[in-house]
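Consider the two complexes below, in which chain A is the common component and chain B and chain C are the respective partners.
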Partner chain A sequence: MIEKIHNHQKQTKNHIKTSASDRFLQVFFYIFIGLFAVVCLYPLLLAVGTSFSDEVSVTVNGYRVIPRQFSLEAYQTILGSLGKNILNAYCVTIAVTVTGTLLSVVVSAAFAFVLNVREFKPRGALNMFLYIPMIFSAGLLPWYIMCTKYYHLTDNFLALILPCCMNAFNVFLLRNFFRSIPEELAEAAKIDGASYLRIFRVIYFPLAKVGLVTVGLFYALSYWNDYYLALMFINKQQLYPLQYYLYNMLANVQFIANQANASLGYNINIPLETTKMATICVTIGPIILLYPFAQKYITKGVIVGAVKG
Partner chain B sequence: MKKKHKLNKRVYSTVLAAAMILSGLTGCGSDGGQTQSQTPAADTGGEPGTRQETDSGTSVSSDSQSSSLRPDTLDTITVVLFGEESPRMQELMENEFQQVFIDEINTKVELMYLPWTENGAGGKVDLMIASGQEFDACIVDPKWAASSYNKGYLQDLTSVIDTYLPDWHENVDPTAFDAYRYDGGVYAIPIGNKPTGGVYSTVCVRQDIMDAIGMDNISTLDDLSKYAQAAKEQYGLYATYELADAEYIIRGTSDRNLIPLCTGIWIDQDTKELVSFMDSPEFETAVRLYNDWYQKGLIPKDILTNTVTLPFQANMASFMRGTCGTTLIENEPGLQTVVPEAKTAEYYIAPEKPIYKKTYENTAFQVPVTSEKADRVAMFVNLLQKNTEMANLFAYGVEGTDYELIDGKVSKINTEELFYEWMIYNVKISSPTAAYTDEFMEVYKTWDDKALPSLSFGFSIDYSAIQTEKAQIDSLWEELANPMLAGLKEFDPNIEELKAELQKAGWDTYLAEIQRQFDEFLAEK
Partner chain C sequence: MKSTSRQKQNPGGSPRPLDRIAGHFQKYYQLWLLALPGMALTLMFAYIPMSGLVIVFKDYNYKDGIFGSPWVGFKNFEFFFSNFSKAWRATQNTIILNLFYTVFGTAVAVMLAVMFNEIRHKKYLKVTQSLSIMPYFISWVVAGGILRALLNYDGGTINNVLVSFGMERVDFYNNPKYWRFILTLCNIWKGAGYNGIIYFSTIAGFDTSLYESAQVDGANLWKRIRYITIPLLKPTIIIMFLLSIGKIMSGDLTMMMSITNLSPMLLETTDIIDTYVYRSVIGMGDFVMGSAVGIYQSIFGFALVLFSNWLVGKFDKEYRLF
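Here is the complex of A and B:
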């Protein structure tokens, strides 16, 4: 009987022929997506091409994918005598991204799990506790005072992690993932005598892998790209993360370029547009490599998290 | 069950309402912080001298000379600068510079660097003052100082400057304080001393092109048109990327002596009246001139949208605004990387008209109300401007290691930035670098001799009463006036619309308020 069904399925499969319109649509979509990919990639190629161009040729001819006049001046400006500082900034950023992402995923997952435990009475209040700051903000000054005067985060490595350790949106996303896991599994484990910590660790954590990777990537990206926390709390150069270091450098280049006509004392030709592009290339390098590995999780994760209410 | 739900809803809505109120109150709380931080300012304004003596252990009388200013006790000040501390600067701040600070003023100086984006009102420095975070000094410009003064962030330094700046008074023009005077007090200590007379009133042109086309002077707008036309025909250069309201253009449009004040308003230096620029004959002449240039292809079509940084240096334009005869230093080296044979020169259009000095020094040190070491900060600024030895040390580094003096000119060995050269440079005491020729220095040192002080020097507008009008007028000016000033739109079909729209945006209120403030400023002056 089963063989019959299989044969029937095979026949059915063989019989379904794609129509001309389907094939046309398929070709159209491939071309469309291909073109879209090129459109997305083009600015990146422009940035790479421009970063290897001579500043004057960029000023006169504009951005080009293939440099008209090849130059490494922008990279020399960024990496030159300050290469050691850049390396240090890279180390800080990697440390922040790894530590921060792990901590954030654990904290967010634990919070999201608790919000799903029906027996936990104050979960409604916790929900509000999470929800209210999404709508109302106390403002910059109280936040700054809290972090500097009460938590003493100035010039502290933790300043780069703690203030954005838990993101409400990501917690809600994880809560929705956990909701998609059948409650019966947890109940069965509870009957077998498992504690909540064990249920969370053994059942929920592995089953929500897709969601955790997605949220983890969101956190990793936000830690990698963050310069604001360093701007607010870090004065020691040894603690500068990469983005802040480059943000600072770019601001300096801009200032010097503007200053050139305003006062005596500066006659330095700083590469400006090319420096910006070189900065982009230097900063996006490592994080862009993460995407291909996490791509399948991201797509799945965002879709699951989005449709479950 | 339903009742419980209702109750929950009530509780939630109460919590939400409370959160909203709290959120509102917290927002106001930041103001509270500002008001609080004003209190010490008032205190400081009372008897700052007395307090500084006790707070930082300074035991000098107000009539002490420079050598006897050194306090008995060692103290530390934190100074906020912008940019990035270079490796060499770090080294010097740990060794030679720090030793000089201790030897001279018995003070350890710690530097805190912030990105240049934080330089100005609303940045991290304001946040630090409002939150009570401790630092003792930060560089500031007149516009930012005015804003900080209005918020109550700055300390009155009147008594400090009398006592602790003996060398400063010898080497810097005290008129520089005028940009930081509010209600009888002085709220920042300027640093540096460079000629600023007629800045942006000159036009900087390509002297090599002038020679090639047989022109030896530019003194009228007709001369400038002739030069621009020839540069376009023979070298394919656009005239400029600057708009028609550039000061050197307006200087040539009439006999009046107009100096720009703010969006749409100029000051007649002779009658002391504010001039509504759009209603003035100068505006009409400038727009017609640019429109003519645009028709002839002298103005680039992307003049308003192309954010090209230095078009003159990139050999894209044949002229730009000049500064103080300093084009040899500022523009020529950059231009010569593109056109090796290029030469530049600055000319006054209408050279018979007076030259005005609109600003003295743009950079000063502010002391926040939270600091109790204003005396130490004053001594620190005084030291930076004490004499040639000190000015050179802090700007160029250690002689023999960071720079060499050859025929009285500085030849740099180290190119890393130390204390900002542009900030410390004092034409009276600093040694010029080798790039400055003797001929140039001759002209440069006397550049300001014929300059008259501008009427608006030291005047800063408080926009708080006309914020809405100001925002609308700025936006409309950019949308309607700039295309005219770029030559893209003709004068006759567009001027009425510009006037009508600005009137609707509250032009009369805007003008009246600024006129009132300016009258008050002149009366006090």
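Here is the complex of A and C:
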């Protein structure tokens, strides 16, 4: 009898103990995840905060999320003495992103559609054709020489688009989206005498809207963020995209001063640190603004892509 | 015997291969048309450069190009091996950094995934998830710029914190010894959230009845993670790990350039093969060394891909790359 009560006590005690430890663990998870999210966000907030600070207060007090001395000087510099160059870089980036994304989505969707036509025998070979470069690559040097010497991409607008126009990962992602469209639709259209081109245009293209938007976002982000291609091929400043302009600004203190002085014709003092941060904010601004809209598609893309990478 | 019977079955159809090809194109020319732009781009920027690998046997000059330059046999390799120390440093750095990225990156990603899975509050989950993958979509240039604000000698956030605790300032940008650690943290910041979601979607696909029955049997949360989630996740982790062996010789030039600006002070720990090739070829115009190192990277990379694929095959044939 005593033993039984004792046992019972032990059990209840045990029960409370485990649920308490579960709760503890769960709270820990909530906190850890929250902290990680803050760590992800904090650097961006730091850039925003600094960009709205007074330069002197940054040099004295350091970088801050909440500016100690509010100032719009950095943005005035960006719009003023650096205005023309930054606007130019912005236009290049927008032009590259828009043309590049449209071209990439169409080219990739067409290819992905072909990979998805079951009766088309060579599709296995095409699959391999696309897949092999994902694993093996020639490396930087032969690629660089080919592009500059044989394709003449130096200082060419197309140099910022063509080399990353076709991304195998995105094509496979699209193929996975296409796969989820019922084949009967295409079959029925075929019986009605529709050509492949028409089936692609009328059935697959409109029905895979979510997939196209997802892949389009991935492409757009990669074009927006790219500075590698500019680094390799662009010397003329009229063709600098925003990221490459920012890269030069961050890497070379003289660059920013030269820029401002050249446009004004006389020497001025530029609030260096805050201007850099303001340029960063201008660069990531569109991504952050579009993010709430885009993140639904992006999360989906990440998951669909993971199913069969 | 077989072919005669086939001919009998369709006496009108011609078995000649040329006609068959013509028939194929007549039926499928539109599909080939659709695939053409993608094929052309892949050919131009992936396959044709591979042929440029012959550069390693050439005395390259810009005027004659890759194919017109005179052959020199193995002379470039002799030069390469006599100047091997710098290339060896770059190789070591590449491998060490990639190992760090993979080990610590995977550890954090799996931890995040397991924790995401236990968050019951839908809105909290959504917000933290979208914040965690945000850095993935921020360029390395921007990340490098902000990192400078964190690590600067005077005014940098970390140094300010150190000073406020009465400690000495650390001159990060002149001290190569910190950079393996810093680069790994940057990599985790940028990619762990993204990879965490991938692992999380894997966990979400696990059989929930396992968890329910474990809970009925009195297994607490920690035990459920330890004895169900982690073991079920293990194959995925191992495969990702093995696949990353194939990429251990390749580095991210853009990341390194934006974060360290190829500062000569930091090259000791941050000079990877890609930056080495970039510096020697595009910086100094030294095609001999650059091409030799580049080729050595490609060949070893190729061998490692085959090796990791073989290992994956040993582990689970399903997940082989080819």
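Convention: the second predicted complex is superposed on the first by the 204 of 309 C-alpha atoms of A that agree within 3 Å, B and C clash if a C-alpha of one lies under 4 Å from a C-alpha of the other, contacts with A are read in each partner's own complex, and residues count from 1 in each chain.
We take it that a contact is a pair of C-beta atoms (placed from the backbone, for glycine too) under 8 Å apart; a residue touches a chain by one contact, two chains touch by 3 or more.
Predicted model, so just to flag it, every value in this text is computed and none were measured.
With both structures placed on the common chain, the touch criterion links A:Gln295 to chain C but leaves chain B unconnected. In the superposition on chain A, A:Ser137 makes contact with both chain B and chain C.
In the superposed pair of complexes, A:Ala251 makes contact with chain B and with chain C alike.
Of the two partner chains placed around the shared chain by superposition, chain C is the only one that A:Phe113 touches, whereas chain B remains out of contact. In the superposition on chain A, A:Lys149 makes contact with both chain B and chain C. In the superposed model, A:Gly124 lies in contact with chain B only, and not with chain C.
Of the two partner chains placed around the shared chain by superposition, chain B is the only one that A:Gln237 touches, whereas chain C remains out of contact.
If you count the residues of chain A touched by chain B and by chain C, you find the higher number for C. Contacts of chain A with chain B, set against its contacts with chain C after fitting on chain A, overlap at residues 59, 128, 132, 136-142, 144-145, 149, 231-232, 247, 251, 273. The part of chain C that touches chain A in the complex is made up of residues 24, 28, 30-31, 33-35, 37-39, 41-42, 44-53, 55, 60, 62, 65-66, 111-112, 115-116, 118-119, 121, 124, 127-135, 137-150, 152, 154-157, 159-160, 189, 192-194, 197-198, 201-202, 218, 220-222, 246, 250, 253-254, 257-258, 261, 274, 277-278, 281-282, 287, 290-291, 294-295, 297-298, 301-302, 305, 321-322.
Of all residues in chain A, only 56, 59-60, 81-82, 85, 124, 128, 132, 136-142, 144-145, 148-149, 154, 231-232, 235, 237, 247-249, 251-252, 254-255, 257, 259-267, 269, 272-273 touch chain B in the complex they form. Residues 8, 12, 15-16, 19-20, 22-23, 26-27, 29-30, 33, 82-85, 87, 90, 112-119, 124, 127, 130-133, 194, 308-311, 313-316, 321, 323-324, 326, 329-331, 333-334, 337-338, 362, 416, 420-422, 425, 435, 444 of chain B are the ones that touch chain A when the two sit in their complex. Those residues of chain A whose C-beta lies close enough to touch chain C in the complex are 18-19, 21-22, 25-26, 29-30, 32-34, 36-41, 43-44, 46-47, 50, 58-59, 61-63, 107-108, 110-111, 113-114, 117, 120-121, 126, 128-133, 135-147, 149-151, 162-163, 165-166, 168, 171, 195-197, 200, 221, 224-228, 231-232, 243, 246-247, 250-251, 273, 276-277, 280, 283-284, 287, 291-292, 295, 298-299, 302-303, 306-307.
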